[in-house]
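Here chain A shows up in two complexes: once beside chain B, once beside chain C.
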Partner chain A sequence: MAIPLTYNFRSVKARWTSAIVAVAGIAGTVGVFVAMLSLAKGFRATLVSSGSPDNALIVRGGATSEMTSGVGLDSVKIIQDAPGIARGPNGPLVTAEAVLMAPIPLRSTGTDANVEVRGVSPNVLEIRKGVRIVQGRMFTPGLAEIVVGKNANTTYSGLTLGNTIGLGTMQWKVVGVFDAGGSAFDSEVWGDPHLLTAAYNRPDTFFQSVTARLSSPEALTPLKDALTTDPRLNVDVTREIDYYAKQSTRMTTLITTLGGFVAFVMAIGAVFGALNTMYSAVADRGREIATMRALGFGGPSVVFSFLIEALLISFVGGLLGCLAVLRLNGVTTSTINFQTFSNLAFAFMITPSLLVEGVVFAMVMGVLGGFFPAVRAARLPVATALREL
Partner chain B sequence: MKFRKLIFANLFRKKVRLILTVGSFAIALVLFTFLAVVKSAFNRGVELAGADRLIVVDRVGLMNLMPISYADKIAAIPGVKAVTHDHWFGGVYQDEKNFFPQFVIDVENHRKVYPEFVVPDDQWNNYVKDRQGAIAGAKLAERFHWKVGDRIPIKTTLYGGAIWEFNLDGIYHTEKPDGDQGQFWLQWKYFDENVPSVIKSTAGWYILRLDNPDDAVRVAKAIDEKFANSPHETKTETESAFAAYFAKQFGNIEFLILSIGGVVFFTLLLVTGNTMAISVRERTSELGVLKAIGFTDRSVLFLVLAESLAIAFFGGVLGLALAILAIPGISAAVTGLLPPLLLSKPMLLLGLGFAIFVGAASGLLPGIGAMRMRVVNALRRA
Partner chain C sequence: MIRVDGSSDSQSLIRVRGLNKTYSRGGEKIQVLQGLNLDVDKGDFVAFMGPSGSGKTTLLNLLGGLDVPSAGSITVAGDEITHMSGSKLTQWRARHVGFIFQMYNLIPVLTAYQNVELPLLLTKLSGSDRRKHVETALAVVGLADRMQHYPRQLSGGQEQRVTIARAIVSDPTFLLCDEPTGDLDRKSADEIMALIEELVNRYGKTVLMVTHDPVVAARAHTTLHLEKGLLVEGKGSSPQSVLAGGAA
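Now for the complex of A and B:
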């Protein structure tokens, strides 16, 4: 026969001080767990959303990122005529890009961060459909003008509309702010590739990557085959979205390993807290439990009842933990990305599935913390326990 | 210690509680040590930076290369003891996951600027003679089970995607155990022969050693002025400022992990301390009995304190032992992402100090209360 649930509610109420300690312990653990995972998820999502399945990214053979790549103008010309590339009114939808790095101070600390500066072709907005200008206008090719991503606009100093900033050996005017939908481009600065390379003392016939809009998502294979078998070229062709997914691996591994260990250690601490609460609950209630046993409730029902109580505490803890960190959702932070050495702004991303994982994690801690005390409760010898004061 | 038996009896009166309290201390200490090693790993570059070294980079950005002729011009500036140059090779060994830094070094001057890297003379001489020679740090060699004489293929990412083969001629160690032993050095001459013409006769950055560290500001200024208005203007900083530039960019990740962990550590200690204090308060009437039968106030306080300190001490030691066991595993999991996670003695002692402090505080407060309480009141509480 099962012990009524109201019994558990009332007993938690009667011992609310120790219950609060256990709830707080579990809430804290779940909070850290969810926060760390959402950080890793946000970082990955930012990079993945930078890539589109409709675009192909072409870099030099063997290059691990745009930073280590180089594609000459002669190769760009060959790529433009390759099969599978979509065409717009002004020719093939291809942007050959020079990727550079500029030290620009962070607003928060005043210290320099590496900002990615990208020289893009004028038709870039037709190729990267997710990017649109939200303030000002697009830069004019041939003029020393730049447009900045919305995160770059708020994270670094001097990148406000109308301001002039030195990049390389030239002064540039900020004429627009673009929104790239929370992707890595939002941390970048875009301008005319020929002027940018000149300002950086680089040949303007040399680019880091070529991004091409595919005529259809399936067109990647013919394009890849054509380019990789061409003896004049030495390039790797990847779908843009796959390239960016790969760029996120090192940082997400770091966050999940370090964060995971902190959450693991905390989980042990929280289980200890739950054990303490439940053991003292059992010790306090020796007579109560014995009375129930004497009334005819079996050992299994006592174990079950105590487990329910532990689950109740851990469920509340898990829920509170999730609620506490929910505010972090969408909060933007930034760090250096190992694979490009550049600074990247990204937001915490708390998804419903992450919250469910957090609550499940809490319940597991509850079961671990409740099981042994429950078994002890069931094993109490009825006669001696009843005789206790 | 005539009260030893009594203290032990009190300690073990509730075995489960004892285990849980000691365990909580241990967990707090594991967390503390973990945070300390992560923090030191994030800032390793700054900690190791030589006070007498300056780094010269192209003002335009780190990725821009400077002419090799700058070496002699920098060396001519008064106060400069030695100059060397490096390049970032950025190759891939077998798989991208096996990341480690590869530097193209200038064999003539490297040892004068970096005396902390020690290579046996016979190995160094072989390396200098061997164009395709390479030297690896001891930790790096251990990671991939390399030994002197091995041939190591590395695929370049910056210079065309070809595979370059190197002969491992030597292994370097550092004087300090926490030194960076994860680098891979190849020779600038070999590099210069094989790279595309735009990269020939260049240096990625210059490192110079000063006669006197106090000269840093003057020399840095002199260098930057010398190359002002040239096609490659320079930016000269101390090595620690240069390292901090990288360390700071981790910025928020480091801050988040440390702040969350720090809050957890202190909460854990407070909760544990509170549990211990409660277990003393429960026994107030017992302490009253002890006083009634003639124990002095001081010895009652001593009993309570000894118990709390014993719990804190054992918990602390257990935690540190667990941390010593766990850290190498975590360090292996983040190889290539962070410098090796290393425990240091001051860190361990600081952690133990925290534990003992909390133990003392959580015993002292209820202990003093018990000491001051009048016997009659204490007995009436039961």
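Now for the complex of A and C:
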């Protein structure tokens, strides 16, 4: 049987001043680790939630994003008649969308940020079921009216209900605020596509993308086959949710890599903290260890016991690190979406699995910091250490 | 019966033959034990005395399997321990040796009960059996009412009693005492020695003890002196050197 766990618990408690250094180092590292990952997770979740598995997104063939895409009005008409597209009382559920960038000052700093302005069809709410008007009303087609996402409403100056703001060559009245369920659309401004393109001196027969409601999730394949084999069209068809998942990849990779690097550097420091704590624990308890060995506890038992102790310290550190950043959960921040160069608001997303990853990371640091001191403890010369004062 | 001339048959509980121990210090070789012989029977109580550096503790460490000799053999209850691997020796210690240290060597963060229970954690005893053994051992040393006390809450004499309880709880083959009264006042020392005597006389324990104190040594059945790496008998008479070489 191994050395009792009580011994480790009480030893850590008795030497808490030494253990606290390691706990603090590990807690800080885990805090940064979890915060970074939650940032990446939140960004990805925001973009992924923008897409629906019931929608298909159609862009120009080879386009990597809406910003590099172009779909003409003639193509839109062909798409509307394609198989697999759901139909509403007013015809096919298709929204041909013009995507523009407008510099609007941030409320927090007063500096301009790129806001994605999307010209959408009047039936867009039937296609994007997750979007609903929470204040005011939907814009009226043909009028210079806009509705703004809830994040755009709170993040930028001038996007409050009833206000008028200049976009392009026209003045627009904010007539509604919509809630897109925390998706990227919450950072956007929507209006009539024809008026918006006119305000920016763009042809009103040219769109960036077409989003179509599928008659069923399985209808994507026939739609895709029909559109990609039509010689009149040059388009790519993707399930909307997959499109947005792909859009999130570059930024999440960047955040994860940078966050991982910072956490790694901090982890080196934390491991040295743990090493220091555990080496001093071994040095302070030479006689205790030798007594255990004399009583018949083997070297592996001693190694295991000190590893448990290191794991205990790192577990507490990991737990504290997780608790410290837990309050970040749901806090909204924003960054540039590299795919569209628009400002995108998103929230830190701390999930239970992320917390588990944080604690596991802490325990890995504990093992690294505890292993060598544990081996040293097991190798103490018993006869000499027994007589240590 | 205790003999140091290597003439005993193989029935002794502890049989030491031609024991040598040499240390290297700064390139110089120091021979602490030089072909030492010893035979101890079950129920014997022997005290080892000698000046500092004479090798008393070295001998105790070798007998307890805490150190390995440079040459010679130690056989305990038929098992020769001198060629055992480290892990075998650890297991052997758990089964055969009860240690009583001068500084008690109790684990400060564990209660008296938990300290005494430690050796039993290496056995296959169930939790309830362990409890019975621990309670009995603590009752034998007169500390049944101090089970939940931590070492810092006990006097030196009480701490040493807990150490004795820990040493006897697994019923080892023999007890090794390294200056068991060295850190105690005379009254406490007398009480501890009375307890050790009781273990020998009432419970038939075999005890090997190192001490500087002739009063303490006088409580043993036999006192052996370590001089120049050899054991010489010395209780009640002038030490008589016993040749040891080639006696195995």
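In this text, the second predicted complex is superposed on the first by the 388 of 389 C-alpha atoms of A that agree within 3 Å, B and C clash if a C-alpha of one lies under 4 Å from a C-alpha of the other, contacts with A are read in each partner's own complex, and residues count from 1 in each chain.
FYI, a contact is a pair of C-beta atoms (placed from the backbone, for glycine too) under 8 Å apart; a residue touches a chain by one contact, two chains touch by 3 or more.
In this text the structure is predicted, and so the values were computed from the model without any measurement.
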Output check: A:39 vs chain B and chain C. Expected answer is one of first, second, both, neither. What do you get? first
Compare chain B and chain C by how many residues of chain A each one touches, and report the one with more. B
With both complexes superposed on chain A, which partner does A:364 reach: first (chain B), second (chain C), both or neither? neither
Quick one: classify A:298 as touching chain B (first), chain C (second), both or neither. second
By the touch definition at the top of the document, which applies to A:326: first (chain B), second (chain C), both, or neither? neither
Determine, under the contact definition given at the top, whether A:382 touches first (chain B), second (chain C), both, or neither. second
Is A:11 contacted by the first partner chain B, the second partner chain C, both or neither? second
Using the touch definition from the top, say if A:48 reaches chain B (first), chain C (second), both or neither. neither
Quick one: is A:261 in contact with chain B, with chain C, with both, or with neither? Answer first, second, both or neither. first
Note: in the complex, chain A contacts chain C through residues 1-4, 6-7, 10-11, 13-14, 287-288, 290-299, 382-383, 386-387, 389
Under the touch definition given earlier, write down the residues of chain A that touch chain B in their complex. 21, 24-25, 28, 32, 35-36, 39, 60-65, 67-69, 100-103, 106, 108-109, 111-114, 168-169, 199-203, 234, 250-251, 253-255, 257-259, 261-262, 265-266, 268-269, 272-273, 275-276, 279, 333-336, 338, 341, 343
Which part of chain B faces chain A closely enough to touch in the complex? 16-17, 20, 23-24, 27-28, 30-31, 34, 38, 60-64, 90, 92, 96, 99, 155-158, 160-162, 198, 231-232, 244-246, 248-253, 256-257, 260-261, 264, 267-268, 271, 275, 326, 330, 333-334, 336-338
Within their complex, chain C touches chain A through residues 57, 61, 64, 66-67, 86-87, 90-91, 93-95, 99, 101, 103, 105, 107-110, 114, 118-119, 121-122, 166
